[in-house]
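In the two complexes that follow, subunit A is the common piece, with subunit B as its partner first and subunit C second.
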Partner chain A sequence: MSEEKSAIIRKKDLSLLERMYIPEIVKGMKLTISQMFTPTFTTQYPDERFQPPASFRGRPVLVEENGVERCVACGLCSRVCPALAIEVQAGETDLGKERYPEKFEINMIRCIFCGFCEEVCPEEAIIMSQEYELAFTKPQDALFGKDKLLVPIEKVQTRLDFLRTNR
Partner chain B sequence: MNIIIEALIKIAFILLVNLTTVAYLVYAERRVSALIQNRVGPNRVGPMGLLQPVADIVKLFFKEDIVPTAANKFVHSLAPLISLIVALSTFAVIPFGNTIHLFGHDYKLMIADVNVGLLYLLALSSLGVYGITLSGWSSNNKYSLLGGLRSSAQMISYELSLGLSIIGVLMIAGSLQLDKIVVHQGNYLFGFLPTWNIFLQPLGCITFVIAYFAETNRLPFDLPEAEPELVGGYHTEYSGMKFGLFFLAEYANMITASAVIVTLYLGGWQLPFIENFGLSPLAVSLLQVAAFGIKVALVLLFFIIVRWTIPRFRYDQLMNIGWKVMLPLAILNIVITGLIILL
Partner chain C sequence: MPTVKITIDGTQIEADSKRTIIEAAREHGIKIPHFCWHPKLSVSGNCRMCLVEIEKMPKLAIACSTQVADGMVVHTKNDRVVHARNAVMEFLLINHPLDCPICDEAGECKLQDYTYKYSTGYSRFDEDKVHKPKRIQIGPHVMFDAERCILCSRCVRFCDEIAGVHQLQFIQRGDHTELTTFPGEKLDNPYSMNVVDICPVGALTNADFRFKARVWEMSFTDTICQGCARGCNIELGVRNNEILRLTPRRNDDVNSSWMCDHGRLDTFKFVNAENRIKAPMVRKDGMLVEVGWDEAISRVASELKSFKKSEVAALGSPFATNEDNYVFQRFVKEVLGTKNVDFARHIVEGSEDTILLRSDKTPNSAGAAEVGIVPGDGGMSFDAIIEGIRDGKIKALYALEDDLAAIPGLAEVLPKLEFFVVHATNENSTTRYADVVFAAAAYAEKNGTMVNFQHRVQRIRPAVTTLELDRAMDGFEMSRWDKFASHNDKWGKGPRRDARSSWKIVAGVAAAMGTKFKFNTADEVFNEIVQRVESFKGLSYLKVGKKGTPLKTKTTVNVHA
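On to the complex of A and B.
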C-alpha cells in the first residue's frame, strides 16, 4: 500500500467539514466545557481521608484477643516473607497455647505488603490492616515491635470477616 | 501640565489593572484547567486559593537568578524586558471606554489617542518577537536557539495574515484610529444586530483570532516553548524573576490580544441598545467600561479553554496552515469586503 510507504501518514477519509478544522475545534471545546461542570475526583487528602475497603492490604498487625496476642510464634510468617521483613523469637508461656513470641518485629522498610504472612498464618494472628499512612523520618522508626503491632481484635474485625468469607 | 497628569493617572490605572489581571489570569488558568481535567486546582493559599498568585510571585523573587557562563549577559537580561515592555505598551492605544464626563471635564478613556493606532499595534506586536528570539540566541543553548528561531519563523508567517485580516476592518471603518473603529461598530444592522465586525466579516475575524493566537504563542501554536521537544524553548536558561518576566509577558500579551480582538471585532466598549434605557451619561460610560472588561474576560476564558482543548501543531502543519490556508483566506476576506463596499 502506498500509504505505508510514505513517511507522513495522512488520513484520506476526512470529510470536508473535518478538514476545515474549525467545527472539530468547536466539538472539542464543547467537550472540555462540559467537563468543567462535572464533579471532580480529588480527595482533599489531609482534610478527608480515603477509607480503604476490607480487601485493602495495609500494614500487617498482630491480633490481640483478651489482652494477649493470638500468635503462637510458629515462625511461618517469617519463613514465607519474601522480603525477609519479619523476625520472630519464641518463648514459653503458661497459657493454653504454650508458646508466644518474645520478640516480634516487622521492618516496615522491607515489607512489601504481599500478604503472604496473613495467608500462611494458622492462627489468623497476623493480618493486613487498613492503615496506609506509613511515613518515617528515621529508619529506626520503621522497626515495628510488638508495642506497635498489637491491635485489639475489634479494630480489625472487618478484615477478619473479609478473610472468613473470601478465603 | 493637566494633560500630563491625566495621562499619568491613566497609565497608572492601566498598569495596575493589567498587572493584577495577569496575576489572577495565571490563577484562573490553573483553576479552569483543573476543572476541565476534573481536578480542583490551587485551593490552599488563602480562601479558594486566591492568594496563590502572591505566593507564586514571592517564590519567583526568592529564586536564584542564574545566567549561564556562555551566555551573552547583556542581551540575556535585556530580552525579558523587551518582551514585557512590548506586551504592556500595546495597551496604550486601546480605548477601554467612551469619553467620560467627570468633574466638569471630558476625558477620553485611552492613554494615547494616536491616529495610527492600528499601525502602532501591529508594529509593537511584531516587536515582541525580538524578546523571544534574542533570549533564544543569547542563552547559548541549542534548545533555546531553536525555540527563538521557530518563534521568528512563526511570527513572519502569521504576521502577514494578521495584517491582511485587519485590512478588512480598516476598509469598513475607514480609519486607523482605534477609537473611530469602535465608534463605527455602534450602529445596527437590520435594526437588531449590532454592527460588530465579527458579524460583518466573520472570515476576517477567524483568521485574525487564529493569527493572534500564533502571535501570543498560545497553545495550538506554542512551538517556541514546546516542552516535549525543546525542554523549555526560549526560556530554558532563565530562572528566577527573569523567567517570571517572560511568564508575565506571555499573560500580558494574552490580555492585550483579548483587548485587541474585542476592540477590532467585538465592538470594543459598545454595549448594544444601552441608549434605549435613558441612563445618565456617567452611568452609560461606566457600564461601557464594564462591558469592555467583561468582553475581554470572556475572550481570555476562550484563550484558556482553547489551550486545554487543542493539541500543539507540528512545525510543518503550522507553516502549511500559515501560508496555504490563512494567507489566501485573509486575501479572500479583503476581496469580499471590497466587493460589498463597492456594491
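On to the complex of A and C.
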C-alpha cells in the first residue's frame, strides 16, 4: 500500500498562485452562489405530484364506456405481452359484442409498461394511463382484476386523444 | 394404376391419372390454397381459391376439379394466378365481418391465414357490408353466424355425404345467400360437430367450447378417443392443465377425418370434474378417508393375504390400458394366485352405426383380452364371479377402473363382498361399496396403448399433469403459458391430483405382498408385453407411432365388435 501511495506523481512546477489555490476557490464559490438564485425544479413529492404528459405510459387500464368495458376478451394483449402479465378469460354476454372478459387480470409485478397491449388492442379497450404510483407490500396485491383495471372513459380521454393523433 | 407426368411450378411429378391437380400437388407437398375442397368430400368448385394457370389453356382453371393429364404444365405462383387469388380474396372479404377478435375460429381460420398469405392487405370497399343473422343455435352443439359464412358448402356436403342426413342447405341468391337448416329441422345428427372442424371460417363453431379459450393458448396432444371400441384418433386441447376440447385427427384406417359428438363431448369432462378421486382412500368407520399411498397399499396387501386363493377374484378393465391390464393379470396370476380373472363387457346392442359408432362402449376390450385378462384354466368368468359373490364363494374382489355397480344387478351384489378394492378416477356408484379406492390416472394423465375393435394398437399420451408428473420433465406438449410460467404464477398450472397409472399401483401392491415387478415406465411394461404376448411381437412405442399399427395375429378372442 505504502509503495502505491508514494507512486502518486505530483506536478512539481506549480506557481505560487497555483499553490495558494485561492483563485480556484473563488471560481467554485462563484458557481455555488450563483445557483442559489436560479429557480428550483425539484418536485416536492408526495406533497406535489408530477402530472405526466399524454405520451406517458403509466399502468394499463381498461376503458369503461356506458358502464361496460370495451374489451371483447380477444386475448391479443395476453398473447403479445412479452412479460406474460395478462390473463384473460372470455365469457358470453347478451350485448351485441357477444364476448366480454369474465376475468381480466394483470400481474403488475410482471408488467413492464411496454404498451404492446395498447398497441395491439383492436377495440382501443386497454390503454396506458397516467397513473404511476404502484407499490405493493404483498405479491397478491399486485394482481389487478377488473375491479382495479376498469376506468371510466372520461378519465383517460387525454390518452385516447393522444392515440388518435399519434398512432 | 396408370401414372402421368406433370410439371407444377417447374418441378416434374408423377401422379395417378385419376387425381386432380390439387390432390397430385398435395401428395408432393405443394400446397394450393383452397376453401371448399376437402379430401374427404366431393368436389364442389365454388370458392375459386385454387385457381391455377395451365399452359395451353386459355383461362385459369380450378385445381380441385381439373384432372391431371400427361405433359400438363401447371403454375401456382405466377403473376396471373397471384392476381386472380387477390381478386378472389377481395370478393370473399367484402362481406366478411371484422369479427376476428370475438370469433372462436381465429388462430385456425383458413380465411385469416389466407388473408395474410394471399391478400393485398387493404380493402377498397366503402359501402356497407350485408348483414345477416348472427349467434344462431343451428343445432344442439353448433353455433352459426351467417355473416361469417363464405358459402363453401363443405358442411352441406358433409351432412349429405358422410352423416347421410340432409339437414343443411343454402337459401336466397347472390350476396344474400345464407346457410340454413330445412324447415323445422335442427343440425342434430350424431356427427354434427364435424362441420365445426371443416368450416374454413368461424361460421359454424363449437357451442360447448364457445369462448372457453383462444386456440393459441392451448397445447395439443395426440391421443385416442375413449368413447367406444373404434378408438378415433383425436387431439386434446389443454390449457391450465384442463382439457377444453377434443378434435379428430385424420387416420384413414380408423376414423377418416371424423369423430362423433358423443366422443367429442362426453369423454373428457370427467378428467377435471369436481368428483375426481384426488388421493387414495381407505374406509374407516364406514367412511372413505383420504390416506397416503403407503397406508392404502399396505392395507390392501394385508387384507388380500387373509383370504384363500379361491375366495379372491379380480376384474381387469376395458377402460384401462394394455399396460395396466398386463401388470394386473401378472399380479393376479403370480401374486394372488387365483384364476378368477376377467373383465366386464359394456355392449349396448343396437347403438352402432355404419359410420363410426360401435356397440362396444369401451376403448380397450380387445386389448384387455389380448394381454391376458381371461379366466385361467377352471377359473371363473365375469358372470361366474358375480354369481360367486352372490353365493358367498368369492369374498374379496380387486377391480381396475370400471363403474361395476352401474351394470344392472351388480349394485345389490357388491355389498356382499368382505373386501372390495377398486381403482377409480371419479367418485361413482362403485366407489361407494369399496373398502379401498386407489386414485387412478385418467386416460389423459398417462402413457399407454389400447387396442381397438380392428385389433389395431394405438397410443394414448398424457396431456394433464398429476402430482407425480411434470409437464416439462415428462415430455408433455407445452403451450406458451406452460413454457414460461414460473412457480409463483397461479395460471399455467391448474389443479393436479395425486393419481397414478393403474399398473404402477398394482406393482406397488405386488411389492407389498413380496413380489417385485421391475417396471419404471409404461414403455418398459409395453416392452415386456412385446416379449411375452405373441400378437405384439416386434412392436414398440416408436413403431405404434401417432397412427397406430395392426396387431400381428388375431388371437381367438370373442370381441363384440
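A few remarks follow.
Following the convention adopted for this analysis, the second predicted complex is superposed on the first by the 146 of 167 C-alpha atoms of A that agree within 3 Å, B and C clash if a C-alpha of one lies under 4 Å from a C-alpha of the other, contacts with A are read in each partner's own complex, and residues count from 1 in each chain.
Heads up, the rule we're going with is that a contact is a pair of C-beta atoms (placed from the backbone, for glycine too) under 8 Å apart; a residue touches a chain by one contact, two chains touch by 3 or more.
Note that this is a predicted model, so its numbers are computed, not measured.
Partners subunit B and subunit C, once the complexes are superposed on subunit A, both fit on it without clashing. When the two structures are aligned on the shared chain, A:87 is found in touch with subunit C, with no touch to subunit B.
In the superposition on chain A, contact of A:73 is made with subunit C only, not with subunit B.
Taking subunit B and subunit C in turn and counting the residues of subunit A each one touches, the greater count comes from C.
Legend: residue contacts after superposition of the two complexes on their common chain; A:29 is shown touching subunit B, with no touch to subunit C. Using the contact criterion defined above for the overlaid structures, shared-chain residue A:44 touches subunit B, although it does not reach subunit C. Minimum C-alpha separation, subunit B to subunit C, in the superposed model: 38 Å.
Residue ranges on subunit C touching subunit A, taken from their complex, read 100-102, 106, 134-135, 210-212, 214, 216-217, 480-481, 484-485, 488-489, 491. Of all the residues in subunit B, the ones that touch subunit A in their complex are 32, 34-40, 206, 305-306, 308-310. Contact residues of subunit A toward subunit B in the complex are 22, 25, 28-29, 31-33, 35-36, 38-42, 44. Considering their complex, residues 72-76, 78-79, 84, 87, 90-92, 97-99, 107, 122-123, 139 of subunit A touch subunit C.
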